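Paired with subunit B in one complex and with subunit C in the other, subunit A is shared by the two complexes that follow.
Let's look at the complex of A and B:
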């Protein structure tokens, strides 16, 4: 203020001193982000893709760490629990060893409340159900009997169920697939022509599941000390049930996942890599080389996959009963590369014409620099997305090949071969098909959703939008 | 800033779950709609399948299913069971099995078998489907045809008991040298090379059916390949044969026996071996008879269908390879496996198919001995399963073979659900009990046959169905000269026993020989009997009189009739 009042301005030395250097303008920037950071940020915002990613990590952990946590042998057969649904009753009573039975003793007493005096001898156990009967009316000659069994209550006039035996004896022992449930046994007297008469008796029984001490030891159920007859113990736990040979479904799913995910992840990695190399060479070289290489790719597309799979099995000397996983991998690699190769070639052709590539060339960039600095980073998104979309298709291919018996050899499971086994008993024991099918579906869905998310996240044109 | 982002993601996930839920409901509605629409569409398109009706009383006809297409119906060449089934309806030979499975007269009114000759007196009213009488010459022609080397009949060896038959079959003599003559058109005299007690049972087999020479020549090599290339002697004729799809049988008006062929038509409306499809046809009342599998038993019980069973006579067994350089040549090795496998467990718990019996012997239970069944007269020896003993035998075998480690063993099996389960069971039991590694080699029938013949197996799931109703059909299987002895088991003692069984005429002597064969098979563990197969099936309640047979037509409708009141 005081200076203004002065009439004249006197320059001083301080006016000629340089301005301090540190003064900066307010910069309007945001933290610098690399391509990958940005992609990751956008992937994280896509809840669906993120969830799929966690799901995939979970599945991989399940199959890799599973064998250490769930140590049951996937090919061990628990014949006491064949085709058990998850959560089925596991109680079992220890019983004496099975002894052959040659009919009732002479002092057997027979029930009087049915036409034939049909009586249960001993206990009805899963070892055997023993029936004896007095026979039909004494004035009639004895021409034999037919024994039936069913699981459903009988009303008058109903068919008696499953015929088990036709016999001239007055006793019968049933050992066929006895489950701990209610059974209705019917014995019908026959006439001289072997035709059923109206003389019959029905008996309702509840079968109790038993095993012998020896069996309990063999099945490893005696860990909590020795067991005695009459004692009740629990059979081995199978959280996901068992299959048609009593094998643990959970263990089979874990081991089956190893095969399925191995093929599902490695095969696409390998053939997409091959495709990328091939496609980028073709695209970069262009001209006649490109023409020639792409016509060869067209030729490879036309080769039938299944035929090659069989040929490779022969070439590899893989005999019957040996695993066909390796030829499957090789067949996939040598036949499925053209699709990613075409994709990458298209991208490269496009990028080659971009202005920044020309500029780079003008500034004297070498081929190597062009490829590694410009071409590959710009096609990376396409490549990654291709891989994630190829994974489900590879898993399906493995499932299909194992389904038709070209894949894994028994007893090695894979999800596909488990489906193949399970489909036969789809109506009676749905869990045998349901679980492997569920795992295939979840894996395929997860990879598809992840691929979807990656496609959005890696799209360079979407970068920095929002 | 922080709170904003959470609320943002909350609304995001809310809308996401709503969106997903909507998609889920839409997907279910769409699939349900698609199913309904496709069902409607199939109903509109499938006019052909509408025609099949399980039981049609008005037209006195029934529909049924054939498991596969017969390759051809030339009786001199037929080998498979489907051909046997159809031939059982359209052809009749000298003798046949009646409803009680007894030998009964057919075209031959009476017959006589002596140690040197068999004589058949033919009935005069037996006619071909074109009305011409059936004569002894038709049989002679058919038998000569089957024996000619150029015919290549696989069952020609069944004719070998006839004089010169073997020489004709091997090309050493002309067909006319066959020791069969016809003194008059209605008498057939057969000269036998050796005494054969059951020659009359043998002539029931399709290879012995008659073929008329002039008709055969008129077909110019197409005999048996189509409906018009066949001449029928049985209760039915083929009205139409749509290859691979269906076959319609119609009553033969020239057939002599009014007790057979009560149904006017038998419509084999479908040719399929798919168990589920067959069951669905039955459920929809398209066919009158369907076989049941273990998987659909509960369903059949729930629907309270009348279920029946019969043993189809086939015995299944584990064969060992007895050739040089095979582990299973070692007796202790075979004994180890014998003591490790519990066939009762296999039948009752693993395959759990009703009607199956645990195998105890090569000779099935139904074979008749002298008076009672063979198995009642000569009970089969059995072992108790004992894993400790099994391991002891295996250790012995290891020592004898001088092996440090047992190599992998290939198990040859056929590719069907039942064999798959069995082979996986076997694989696991042998691994658990004996520590042996088994490789499963699944092959389709023809390929399996080739591998069986060339001996490319360590173990083999084999089976044998009877060709004629005599224990010899099983008894000679493991003679060193029998080509069906796939493991090439060779023992002089066995050969001597089989020779006795073949040549003795007195039934007790023969049965004693069969008893000794059974014992020898057990002692030497030539094979391990696994099970006798049974068949469980459902029949339409109105269809009566269907006969299931062990030998000949597996399902015989020739006595069947419809009872509309049932």
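Let's look at the complex of A and C:
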């Protein structure tokens, strides 16, 4: 408006000219934000969800870039380091080749601190442990001895462990799968019936790892020049240890992650997509078609999932324990589409009744326009959240199937089958179970938290509902 | 209500028929047949065996016989354990799985309601954070890992105590059931805790709570009579699907704890390709789940009158 307030004002022609167009009153001062920009902004505010997103990106990078950075073959065996925990001693001493042993010499001295005079002869090495004993000193008759070995200290009433041999001799040589660790050897005297008496002696030994020059050459340990007897060298590095067959855990975790994440991400993508197509057709058609399609989905959703999962894997002509990744994927898609289909149908039915759809129809919008402009963008949030929440269950399914021996075929590793292997030896080598279980848990946790964050960010109706 | 019940029952029977049909044609699509596993069978022996198991008839006739037998509750004879009826196997092993499952459900439901109510009561204070952290952990760790770890824990406890405080595996007494049932119910409990918490928080803002507050009712009474009672309703709805989860989760627990339940038997049957046992168990489990869900839905209508009006 004009500032002039004087009474002597006279209108001029310029006062009747159109005003310049100022629309400051209803200008949008804040930058316009699309739905997705707004969702991304909200997701960024959620520190837990954002951290989970970075974690997932990190895990995917780990499995995809891993093979190029850590070039060890996941199925190659390191025979010198079987079932080694991470950070275990990697030193090895070069020893002379194995020579047969025919018992102690006559000038052998025996220990006096145990009942049988049980003594170690020579050094305890991973090549051989040689034991000799004076014998049963309270009974003149000598009916033989039984030799046991165990990894755990003996308490009163405990078993002696693995029975190795029954022998009439006063010496014993152990060459059975010796690892560089502590062993407890027990020798028990037998009576005339071959029954164990209460005369026994236990010896604790620390076995030292040795290899011969020839073995060092065969395993490629002589890169830094030739080695001589008595020299100490280092074995190959396994940052996460090795499994029960001496395979590198890190390499197996990388390759296993490829399988687990592939199934975990692609299976939900595929079956949610199928469900979306099915559900939106049903929701959009309505009427009898809708009823028929949804009745079928009701049946399919009632199928006991894991039973049919196993059944389908049998049907695909693959016996137990020898199936691949693809049958698992197909079985999941066949069985799991109905839940997202029902969800999307519900959404479509809801959106169809919304005012903006009626308005759009009133303005002459065609079906195509309605579907691509209103229906799909408005269900996208729900769909994305569903996919994110389905990833953990897909990963669990893979792990479960591998656990009962219906998973991916060996030697291909997956986190689930690694857990299955690790459980068998969890008391002595916990790292074999710990690492794959940790990776599964972290992945599932990250997807759960990201799903929570996505739901809060994308789905306004569901917000703050936990 | 009667109409609704009847409708649900008819649909349930149709679903079981669907499951049976899918299983039958699925198993018949498997390349090869169960008899080809036998080492040396002459044509005559093979023909006799086929006649014994009814495999010489056309597929549709077999299907008709199969449906007739199933409707009479007869699942046939095991292929690997000769002359043992699948019915007997189910009769022997299912009660064990069922007891374990019921215990797990009770444990999960009680735990879920308790922890969920606690978290809502102490919202955003430390009990809430601790419980919700444990819940996230319970959802994220695979069940077989939890089973293995708890078994390792039991071994250590028994070693420390010097006697058997709780048995590490096997079946027989009540003591055998406690830890497996807890492990089995854990993930369901975690899920129910989350559900209970959100349901409690939603109810805080309802009109009837405000009315109760304005009437001057004591806080404990509002909590127990109004908030808790109404918050339990959604928990009851998911109990049906939770039973499904617990029966299938039972496989793992039964394997780890060496419990002779039907789940473990099913896995063994799969590994030995014992066709009749696989089919019988699948149909049996399927029917069990379908009718459990119906039962829970009807129960829900009984607990919450609002559902009854508009089923």
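As a convention for this text, the second predicted complex is superposed on the first by the 333 of 466 C-alpha atoms of A that agree within 3 Å, B and C clash if a C-alpha of one lies under 4 Å from a C-alpha of the other, contacts with A are read in each partner's own complex, and residues count from 1 in each chain.
Here is the rule we go by: a contact is a pair of C-beta atoms (placed from the backbone, for glycine too) under 8 Å apart; a residue touches a chain by one contact, two chains touch by 3 or more.
Note that the structure is a prediction, hence the values are computed from the model and not measured.
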item	value
Which of subunit B and subunit C A:419 touches, first, second, both or neither	second
Subunit B versus subunit C as contact partner of A:76, first or second or both or neither	first
First, second, both or neither for A:150, with subunit B first and subunit C second	first
Subunit B versus subunit C as contact partner of A:400, first or second or both or neither	second
Which of subunit B and subunit C A:427 touches, first, second, both or neither	both
Contacts of A:198 with subunit B and subunit C, given as first, second, both or neither	neither
Touching partner for A:308 - first (subunit B), second (subunit C), both, neither	second
First, second, both or neither for A:47, with subunit B first and subunit C second	first
Superposition-derived comparison: subunit B or subunit C, residues of subunit A touched	C
Which of subunit B and subunit C A:175 touches, first, second, both or neither	first
Subunit A residues contacted in one complex by subunit B, in the other by subunit C	319-321, 405, 427
Footprint of subunit A on subunit B - complex, ascending	9, 12-13, 16, 295-302, 304-309, 344-345, 347-350, 352, 354-355, 410-411, 415, 417, 420-421, 423-425, 427-429, 431-432, 439-443, 536
Residues of subunit A defined as touching subunit C within the complex	298-299, 302-308, 310-312, 314-315, 317, 319-321, 392, 396, 399-400, 403-406, 416, 419-420, 423, 426-427, 433, 437, 440-442, 444-445, 448-449, 465-466
Contact footprint of subunit A on subunit C as seen in their complex	11, 14-15, 18-19, 22-23, 26-27, 29-31, 136-137, 139-145, 148, 152, 155, 194, 197-198, 201-202, 244, 247-248, 251-252, 255-256, 266-267, 270-271, 273, 278, 281-282, 285-286, 289-290, 293
Residues on subunit A engaged by subunit B in the complex (per definition of touch)	47-48, 75-77, 79, 82, 150-152, 158-159, 161-164, 175-177, 244-245, 319-322, 405, 409-411, 424-425, 427-428
